[in-house]
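Each in structure tokens, the structures are laid out below.
Two complexes follow with subunit A in common, the first pairing it with subunit B and the second with subunit C.
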Partner chain A sequence: MARKTGILLLAMTLLFISSSCWDQRPIEDQAFIIGLALDKGDDPDMIKVTFQIAQPQAFVTEAKSEESFWNISEEAEDITAAQNQLIRIMNLTPTLEHCQIILIGEDLAREGLHDYLDFLLRTHEIRRAVRIGVVQGKAKDILDMKYKTDLMPSFVISEMMDQNSRFTFELSDFMNIGKLHTAFTGAYDFALVRIVPLEEKLDMSGGGIFKNEKLVGWLSNEEMMGLRFLRGDVGTGYLTVDLTEDLGKRAMLRIYESQSILEPEIRDNRLVLRLKIRAEGDITEIVDQKGRLSESEFLPRIENLFREDIEKKIRSTFAKLQQEYESDVFQLKEKLQSYYPEYWQQNAEGWDEIYRSARLEIEANVLVRRIGEIRY
Partner chain B sequence: MKNKSQGLSNSQTTVIVAMNIIGFAVLFIPQNATELAGVDGAFVTLSAGLVSMFLAGLIVILSSRFPNETVIEYSQRILGKPLGKLYGAVIATHALVVASHVLRGFADAMKVLLLPKTPLEIIMICMLLLCLYCIHGGISTIAKICEIFTFPILSIISITILFNLPEVQMFRFREAFSSGLTPFIKGIPGVSMAYLGYEILFFLIPFMKNKKSALLSGTAGLVLPIFVYTGLVFVAIGLIGTITTSELVYPTIHLSRRVGTSLSFVERFDILFIAFWILAVFTTVTIYLYMSALSFTRLIGLRNYKPFIFMILPVTYILAILPQNIAHINILTKVTNYTGLSIAASSIPLIVLSVIRKKGDGHNG
Partner chain C sequence: MKKIKRKKNPKNREVIEERQAPKPPSEERISYSQLSKSINDNYEKFQAFLKESTDAVFRRFRLGINGIDCAIVYIDGLTDKTVIIESILRPMMLTVSDEGKDAESRSGTDNAYDLVLNYLVAAAEIKETDNLDEAMLSVMSGETALIIDGYNRIILISTRGWPVRGISEPETESVIRGAKEGFTETLRINTALLRRKCKDPNMVVRTVRLGRRSKTDIAYVYIKGITNPLLIEELEERLNRIDIDQVIDSGHLEQLIQDNSMTTLPQIQSTERPDKAVANLMEGRVVILVDNSPFALMIPTTFSQLFQSPEDYSERWIVSSGIRALRWISSFLAVFTPAVYIAVVTYHPGLIPTRLALSIAATRDGVPFPSIIEALLMETTIELLRESGARLPGAIGQTIGIVGGLIIGDAAVSAGITSPIMVIVVALTAIASFVIPTYSAAIGLRIMRFPLMILAGILGLYGVMIGFIIINIHLASIKSFGMSYMTPQAPTIFQDMKDFIIRAPARSMKKRPIQAYPIDMIRMDMD
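Up next is the complex of A and B:
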């Protein structure tokens, strides 16, 4: 009898213990923040944080008249204060666990990122793989836009960054919160993908160059391609090149496989960057093709043209980064520290000088495999 | 509970040691390794594991000279009654303090990662009650629990390591071995503290079925932790970078968060990781409490340790509540680590003394 009472008591205790009452979080009371936009506030010391909060009710029935998300802007000294101010407006508890994207406005980026991002790194709610991008304009405008393809802007932007960067060279999703933290702790420069708000839509291409955690300039589409080749995170994309007179006007190559390896080398006390590129692709379009050359004559010539074009683009990107902005956004400093630790320990202070006088050597190999369905 | 006809099988001994070691340190081993050894962290972790394997082997050799006695009894034979009793008391207290330290560290991690509003005391009491229930069953129950838990804990950690392996940037490892032996000398003592847990081998030999293969199964218990720890440190350095890893408090959780980000149905894998990590902590606390209860019983000369568990539990709880903040916990960590390492290393002088004084059988000498 005592044993049965004991077992009953034990069972009830276990029931109570395993229900974790203190930390119950009913899902209806949660406000899932799916996107964050940071801009400079109207007040000079404050920042304006725009939270995009998902509304799950909108998905339940056919009532599409309801918005599936809503944006709230709060002006505060930093993100923690802004999140606390949300309590004054709604009856839901905000949580950043499902945050998909973080957008930074141009004005805040030019001032410097470091002060405001500590909260995002210290909290346990945000995943380190959350993507981050810089907006040429006000970051809030991107979250306010209406998108036709999907319901919520944060998901649209995050998926765009993730998927589209695999189809074109002109944007990249290389940076996320985790890599940003690495860049802060090691004092590396980086480049974030650029989003431009247009009238009714957005344009995601190119990037923003950050030096010392401040935005210093922009990269155009072609320069972003050069950067991706320098950085090593190439995928697939398109390459357009002008042809010589006798061949035609223009040709477009669809690169479906590419690799690039950048290795620093110290030669005669000077930094040399050895870049090995390999790109394979098919020709997808030739505009105004003139000659009727056989493939064996045509292909090597066009391969040459493509190769020179890639090299030219990479060199111009490198020159812009090296001379004009003096920032190395392609992990060069990290690689140098790893490849030549003793050299780095001796010459760490002179990094700017070393970078400015570095030389780039490119070994490119472009292979054109097929020319599509028609021959001439 | 000594049964001559049955006892712990070889695999059970191995998993007891392995589960005791894999506990709390899983969460922060990359931070520990990179802080002490920089980019050589992965190799230092491997070497520290081998050193610990060596020390564990010594403990087994020592215990095998007295196949039917636990350390409490044979230390009195080697060192004489008063010194032996003192040594036994040190081990008993050390096990108790480690148990409360792991309990407190676990509860703190829970508050940060999973249950911010639940009072610290409740988390600790719930864990303690479960451990009480498990210890009450005896060493064979503990062994069976460890056997069952090995697979889930191991698979979760393996998934974390394997999923992050393709994203490791190998160029970060190019400067490994560039600072010579200094990282090893600084790192190995510090990191081998994460491998502590094989002190249970002082007590297990009398309960084993095949005492002749004790050396093999005892040291094999360290293979699993070596794989787990080295893998985690390797992936953390390759993925996050040396300096950044040393600045993260729970790097392993960040590694587990990246699992499943390319598939869309597992968004928070880290919750799963934490759930299975709780199992690992449970086994660690249980085994240390068992060690402590057994030691205190044998010190006084009694055989049945079950009443002692009830007496130890409140003491454990009080010790776990005492640290006020994370600074105190770090001090406690240092104290327990150094004591643990000294106890493990004390097997060497004990072996020497036992040979000199001609105590102990020639079994497996």
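Up next is the complex of A and C:
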């Protein structure tokens, strides 16, 4: 009995050990692709995929920025084919597990996103929180830029997206491949962060508007602010208005807290959007102040001017989205479905017409809490 | 072919007894168990055994002037000669004659034996026997055998005295705050140390003698009224089952009575500190003291006990709880750190944050070995350093440990044999294993590292999880004298949790923990 148990144990142990480390993926043999850029290729049917591969030696030795990463461009039909081509030219195994950023060039975005991004949605290696942005120009140029603040551009760009959307209104905050996937499957429109390549630096502001997964247009900085108010996640940011003659020249407000609620309503068979906004902030600057803030009418008039400015921006954004792009980036359709299900069932086909003739009513409220900034 | 017959070990008790019974070196078989009335015969019987040993001393003298023949037998080196002279020789040789007939008339007896036993020998401890075996054993233990002509009884006088190591702080269990006494090698001194800390007359010290040739004294101590009688019965049964020729040390005895021999962890706790022993006595445990061993055994033991240290009870409970939680965390680190490192670096590079992954990849770039080989190499080196440090005396050992570790680690990194992260992992593991207060638990846990590393190298984190589950199953299945090893975790006993990871405030520990199944549960606030 003991002998049989011994033999059994020995057999199991040998079986167990015989596999040894055949599934090994040593970390030094991996090529970490930290950035991905997609453009239209020179051939009409091909796309050009640029992989930014990290060179870890940069962390150890005092290397210059240009030796810390390696951009390889491959032309292929889709990303999978491009990755296969990549394997042929490197001794390291490429892996997307540490990918920080995915950039899409303008030309490719106008053609439609879903077909080319399908691989990224199915692969297990990409994390849900990888940032994604659309470039006004060639996406490859962004990956080639060398920044002084960090060794690898992918880190720079992804950290910018992370932090800057919290400090300013001018960036869209919809920039996650997971959220993108939700938008694809839910068939709603979205706005991605826009990156503009400039001479030796990049500008991240505004957004690209997508309808039916195709890029239809851009929103500038101010219009982006309107969109964020419409969508209801505002965060913090700065607002500048020109004051009337008797008040001063210019005032700047830092909004640190705001809530906005968008409710659809069917009135006389017409869609009306009621937007309630409440914003609270500190005055950061008043140029040529011509009165005292403690005087009874001074501050409310400044608040009024801020309020009108917000309303103006929202209306201009809404007009652009409604008339020019006809894209519903703030999930209006879903809200209508949940607020007025019978109306939706009757009028589902005419959605575009309904959207185009919708009216916006804004009820805004701006409160100046302090006359100077404190740290948040 | 010729069949070679090998003699098997006899399992026959009589054969063993015959082989191991004390035999006189001479050819003739004397009927030695019976003493005779003639002193010469008795003397011969002693001589038959001890003639060849030069440290056995035979002293013949007479009781008084022209008195009766007497002889004493003792072993030089085990006895205190002053006591022999003052308690035995001087009264019997000189004082009797000084007082002359007065002594006899005063005592009212003309029986020399009675005279010697009750009036002359001024010793603190005396035994009588008519069995030669018992007399031999006593002489071998340091007592003096007094033979008087004409009587077939021998008086055994306690004259024990031998050089003893002074009471010093135990090296393996030093604490920052607490008594600095440690057990020594003499059984009687150890029991005295226990009595010093607990003056309860209910504390019972019972002795057995184990080992056919070594005849080592084993004392087991418990407090009647707290300790469960079933526990004592079980212990006695296990001790009676031992049939061995020598009990080397308390560690040897521990292995003879423990429940499970197939595990690396101790099921019987050992300590050099009397205060720890008495604290355990108070909780209902039995303390076993072995002669010639400064380590006392305490039964039963659970896993959580291995993480307790006397200084936990001398400090405030919040501080002590924090330190105890630290010990548990460090025991986990000591076992799992190298395995998790190997698994993550070899199989799951996606689990590490990106910058750290790049950093590790960079430092591992020139290393010729895969992670698992590197880890096994470095861990073996650390074990070598540790063992060698233990063998070298005092300060040299510690210096070699530190310097050797630093230099070897640094040189290995510069030569490109290992990566600096591996050195950090190994150093962290070593330091974490030193935090565990019980030495036997620390080495037991340390050994578990190696199979875990191999599992991690084969199956990655899945292998580590498998190893973790196996270790837990194994720990939960061990029993120590009927008490599950993982109490209070495995059979969850909330009352014992007060002294588990946190140490509850002293005022709230009103009942004894159930771990040792005491029969008197109340510790504090009796009314």
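As a working rule, the second predicted complex is superposed on the first by the 342 of 376 C-alpha atoms of A that agree within 3 Å, B and C clash if a C-alpha of one lies under 4 Å from a C-alpha of the other, contacts with A are read in each partner's own complex, and residues count from 1 in each chain.
Heads up, the rule we're going with is that a residue touches a chain if its C-beta (ideal position, glycine included) is under 8 Å from a C-beta of that chain, and two chains touch if they have at least 3 such contacts.
Please read these numbers as outputs of a predicted model, since none were measured by experiment.
Peer 1: Superpose on subunit A as described above, then tell me if subunit B and subunit C fit or clash.
Peer 2: They fit: once the shared chain is superposed, the two partners occupy separate space.
Peer 1: Is A:125 in contact with subunit B, with subunit C, with both, or with neither (first, second, both, neither)?
Peer 2: The answer is second: A:125 touches subunit C but not subunit B.
Peer 1: Would you check which partner chain A:334 touches, where first means subunit B only, second means subunit C only, and both and neither mean what they say?
Peer 2: first
Peer 1: Just to be sure I read the superposition right, which of the two partners does A:178 touch: subunit B = first, subunit C = second, or both, or neither?
Peer 2: first
Peer 1: What is the contact status of A:342 with respect to subunit B (first) and subunit C (second): first, second, both, or neither?
Peer 2: first
Peer 1: After the superposition on A, what does A:17 contact: first (subunit B), second (subunit C), both or neither?
Peer 2: both
Peer 1: Check whether A:186 is in contact with subunit B, with subunit C, with both or with neither, and answer first, second, both or neither.
Peer 2: Once the two structures are laid over each other on A, A:186 reaches subunit B alone.
Peer 1: Between subunit B and subunit C, whom does A:100 touch in the aligned arrangement: first, second, both, or neither?
Peer 2: A:100 contacts subunit C only, not subunit B.
Peer 1: So after the superposition, what angle do subunit B and subunit C open up at subunit A's Cα centre, nearest 10 degrees?
Peer 2: In the superposed model, the angle at subunit A is 50 degrees.
Peer 1: Could you tell me if A:42 is touching subunit B, subunit C, both of them or neither one (first, second, both, neither)?
Peer 2: Neither: A:42 stays clear of subunit B and subunit C.
Peer 1: Quick one: classify A:34 as touching subunit B (first), subunit C (second), both or neither.
Peer 2: second
Peer 1: Quick check on the superposed model: minimum Cα to Cα separation from subunit B to subunit C, whole Å please.
Peer 2: 5
Peer 1: After overlaying the two complexes on chain A, where does the subunit B footprint on subunit A coincide with the subunit C footprint?
Peer 2: 17, 20, 23, 97-98
Peer 1: In their complex, what parts of subunit A are in touch with subunit B?
Peer 2: 13, 17, 20, 22-23, 97-98, 124, 127-129, 178, 181-182, 185-186, 334-335, 337-339, 341-342
Peer 1: With touch defined as at the start, can you tell me which subunit C residues reach subunit A in the complex?
Peer 2: By the definition above, subunit C touches subunit A via 345-350, 352, 354-355, 357-365, 367, 370-372, 454, 457-458, 460.
Peer 1: Can you list the subunit B residues touching subunit A in their complex?
Peer 2: These residues of subunit B touch subunit A: 39, 112-119, 122, 126, 129, 171-175, 178-179, 240-241, 243-244, 247, 253-254, 257-258, 261, 267-268.
Peer 1: Give the list of subunit A residues in touch with subunit C in this complex.
Peer 2: So the residues of subunit A in touch with subunit C come to 16-17, 19-21, 23-28, 30, 32, 34, 54, 56-60, 95, 97-98, 100, 125, 155.
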